[in-house]
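Across the two complexes that follow, subunit A remains constant while its partner is subunit B and subsequently subunit C.
On to the complex of A and B.
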């Protein structure tokens, strides 16, 4: 096939009925603020780690909230815990707490 | 003389248990001490420091000078119990020797001497003096016990809004302790009623007893009250090594080890045990904690953290919920390094090997400019561009050639990860930044973030590079006349950032700078007693609402000075304080940049 320099994203859908949401619920129990996330992406836009490498904080925690845990631990481990995201989050979410909690809960995935 | 009365048995058992447990603990802790600490001890044991430690033991373990400074009544309570009891034991010992000569007398003989000596003649002048002195000392201790009772009921009398909530082990020991001295009074008075060997206190109570009870009743009572006294002592001694009262003895080795240069570390080690068990759970650290004052969090303060850790029931929540502001350590009369202990608890809980997760940091260099002076903004300053612009103006005005380490983004200094306990991961950041500084050959490193400052000074190894906070750097430029500012009548108040003040001991330079551009008004709690802004990077648990409440109470205290604007010297504090007040909040660099005069030498 001729390589045109772009690819096609594989279609993917998240099936909330089949995903195991227990861990996500535990995370919400500990940090209920996270439920107020409006997915604005401010956290990602300001992220110190995200400016250097391909790390998207909003994407990781959004996927975790949907029960998609694969890679979450490895991705979250790139965070430097600098706290910029917490200062810009319009919902005042304790984002550093989210990082710590995801690393703690998803270490086995 | 026969010292084999059965009532003394609980006392003897208590003594054996207490000394055995304490000896076991101390020997074990000293044995498992790392070699570096043992070398430290060997190097300092025959030096002046040992004598200083002896002095400190007297002023702190016995006289409790530091508690006097917190509150005189509280100080008197602690002193009367500690020093009074010590004198009772010491004088009791001398009295026994005076009566008996240097014959070996068992411990119980000294403690219950009033009982054993009741049949001895009691007529000489010196004997009377001993009796009166011992009574006076007993009264001294009893006054302390009475105050302790009052404190339980009304702690405000001693300047404490809150006192410690105790675990049951402490309650047993506490109850026994409270019984000991009233029991002693009763026992000695009963004997005095029968044998007329009492002083002004026991003698008087004794005659009261004699006037209302028959001799037979008194005789029957005598053994019972002495048994009660011995029981109270026995129970207290048995509970002591497992309760808060372990501090009575542990403060002594703690003082010596500390004077010899042994400290706690970022990772747990044996010395931590001495610190943990030297906490008297006096609760002085509770009131200063803003989590308690403003956020209603009541189970994490120094006293509870140390207690939970000592009994191996420390939860991650208690370890993590803390601003590490250092306000508690600042007040702790035992001088415990609570932040260090919390730091190494977090290490045990959260450190995970860094593996290759930070490989992406290697070689990152987005620095600009060149010069011997490097400026490291840090993540928080990068979020406050005004501070960076102000710094640029200042550098320009002073004609300084500057290398900007992270103007276009950079790598975190590593302190946030370190404070969260992930020390191995933080090391990766430190390695990367160190390589960057060395590569660009700077000789001075200026940062406007106290969080970065602290980690640069404490954890980075940067030989040949002088590390300065921008407050120190600006103060120096002003001193050297390289920066000219105009002084106006604006009234500023200054908020000491925790990491800069208590953390790095930098109190003067920012004040000096403010006074060169305007008037400085100090808030009520200032310098080493300054409040925290609530947004500390050391905390990963408290909610936004709690942070806001803390910021608002800080805002109120700063507004109370009547100043027109608030100045601080930390980008994170600036953002936090702003949320808690209506007054304008500036960074130190901003007020300086705004007041630069045209005459200052321009950059070439």
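On to the complex of A and C.
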């Protein structure tokens, strides 16, 4: 068969009706501070891992909050737990704790 | 000396009280049969959740005690140099303070959200009314489990010729989200915002507590459309702009945070009188600094939301400021 290069793409939309939001809720329950994130990006800007890889801490934890766990676990493995993000977060979020919790909760995904 | 005050909302009431305090003779002309303006439709006020009666009642009591004349059910139809024309004839005065307030944005103009067409799409003003009536529920009487608020409906939107930011709707959205959390502790609540503008004292703190203590989720992105789904639910589409991907979800209730628009029924006579309007048709003050309560006409003044979206506190401040300016003008005559 000739391959014309066509394929069926999966929908890109974040579907809040089908996503499992329970795990996200468990994460919030353990670390309610995470909900106060104002998406300023300070954590990502200062992130040691983000400086040399595509790791974007703000985006990964926002994805988790929407129930998009797919790559979150693997992404979080890029973090070296240096804790610089916690020093700069204006909301005082325990960002390193967020990394640890996400890794713990999402090991199965 | 007699001064006409057009409109008996908070701005008009406080203007009359302040004028009286300076020894002048204010008369309030109000087109509705009761005073209070928009506040009569609100339940609890941001940022302190103060019941509206605690603000309005003392003002109305003071008006009665001061014996300030009120012409209710009387609409002002024009301003002249020696008074105002009303639906009940001319009222003479040496100066006029326009406190005619604002209009609520008509949400049916944003057809894509289905207000007035789909069930369970309501406005922030409708929600205040429901809370005043002591019953917040879906059309079929059941409780919503998933609720979405949409910011900036009828504000910052060229499509409906409303360029301005209505200023009070962000904090109203945060306030109402917290109230909905109290009504429905088990519900999921999402606020779709473009920018969160928490300009006033205590507002940012309220926003933070909405996030942290009340679990309200804020998603940055404007809902582009809503569609009805069976069972009275509404499906909404937006971009989660912080992730960069489209997002869709089905909600039980969609609440549109409608903006403040210029009082359009007054724009015709205001223009005839020589009063200027800004881009979004609010009345343009002489300037936004020391002339903020003056108009281009020496005997006509402004206070409150007639010139721009404002909070109650700001409207009251202007009312006090305008009385001082009116007294200054009359002294110079």
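One rule holds for everything that comes next: the second predicted complex is superposed on the first by the 98 of 109 C-alpha atoms of A that agree within 3 Å, B and C clash if a C-alpha of one lies under 4 Å from a C-alpha of the other, contacts with A are read in each partner's own complex, and residues count from 1 in each chain.
Here is the rule we go by: contacts are C-beta pairs under 8 Å (C-beta built on N, C-alpha and C of every residue); 3 or more make two chains touch, one makes a residue touch a chain.
None of the values given here were measured: they were computed from a predicted structure.
A.B. asks: Between subunit B and subunit C, positioned on subunit A by superposition, is the outcome a clash or a fit?
C.D. replies: Taken together on subunit A, subunit C would fit alongside subunit B, as the superposition shows.
A.B. asks: Taking the superposition as given, does A:83 touch the first partner, subunit B, the second, subunit C, both, or neither?
C.D. replies: Only subunit B; A:83 stays clear of subunit C.
A.B. asks: In the overlay, answer first, second, both or neither for which of subunit B and subunit C A:17 touches.
C.D. replies: Second partner only, subunit C.
A.B. asks: Would you sort A:46 into first (subunit B), second (subunit C), both or neither based on which partner it touches?
C.D. replies: first
A.B. asks: Now for A:33: first (subunit B), second (subunit C), both, or neither, which partner does it touch?
C.D. replies: both
A.B. asks: Classify the contacts of A:3 with the two partner chains as first (subunit B alone), second (subunit C alone), both, or neither.
C.D. replies: So A:3 meets neither subunit B nor subunit C here.
A.B. asks: Could you tell me if A:74 is touching subunit B, subunit C, both of them or neither one (first, second, both, neither)?
C.D. replies: Touch status of A:74: first partner only.
A.B. asks: In the superposed arrangement, which partner chain does A:97 touch: subunit B (first), subunit C (second), both, or neither?
C.D. replies: first
A.B. asks: After overlaying the two complexes, what is the shortest C-alpha distance between subunit B and subunit C, in Å?
C.D. replies: So the smallest C-alpha to C-alpha spacing between these two chains is 13 Å.
A.B. asks: Which subunit A residues contact subunit B in one complex and subunit C in the other?
C.D. replies: Common to the two interfaces on subunit A: residues 33.
A.B. asks: Would you pull the subunit C residues touching subunit A in the complex into a rising list?
C.D. replies: Touch residues, subunit C against subunit A: 188, 196, 208, 211-213, 215, 217, 220, 237, 240, 242-243, 245-250.
A.B. asks: Can you list the residues on subunit B that touch subunit A in the complex?
C.D. replies: 320, 350, 352, 357-358, 360-361, 364, 379-380, 382-383, 409-412, 414, 416-417, 420, 422, 429, 535, 537, 540-545, 572, 575
A.B. asks: Touching subunit C in the complex: which residues of subunit A?
C.D. replies: Answer in residue numbers: 12-17, 21, 28, 32-33, 35-36, 38-39, 58-59, 62-63, 65-66, 68, 91.
A.B. asks: Considering only the defined contacts, which subunit A positions touch subunit B in the complex?
C.D. replies: Per the stated touch rule, the residues are 33, 46, 48-49, 51-53, 74, 77-78, 80-84, 87-88, 92-94, 96-97, 100, 103-104, 107.
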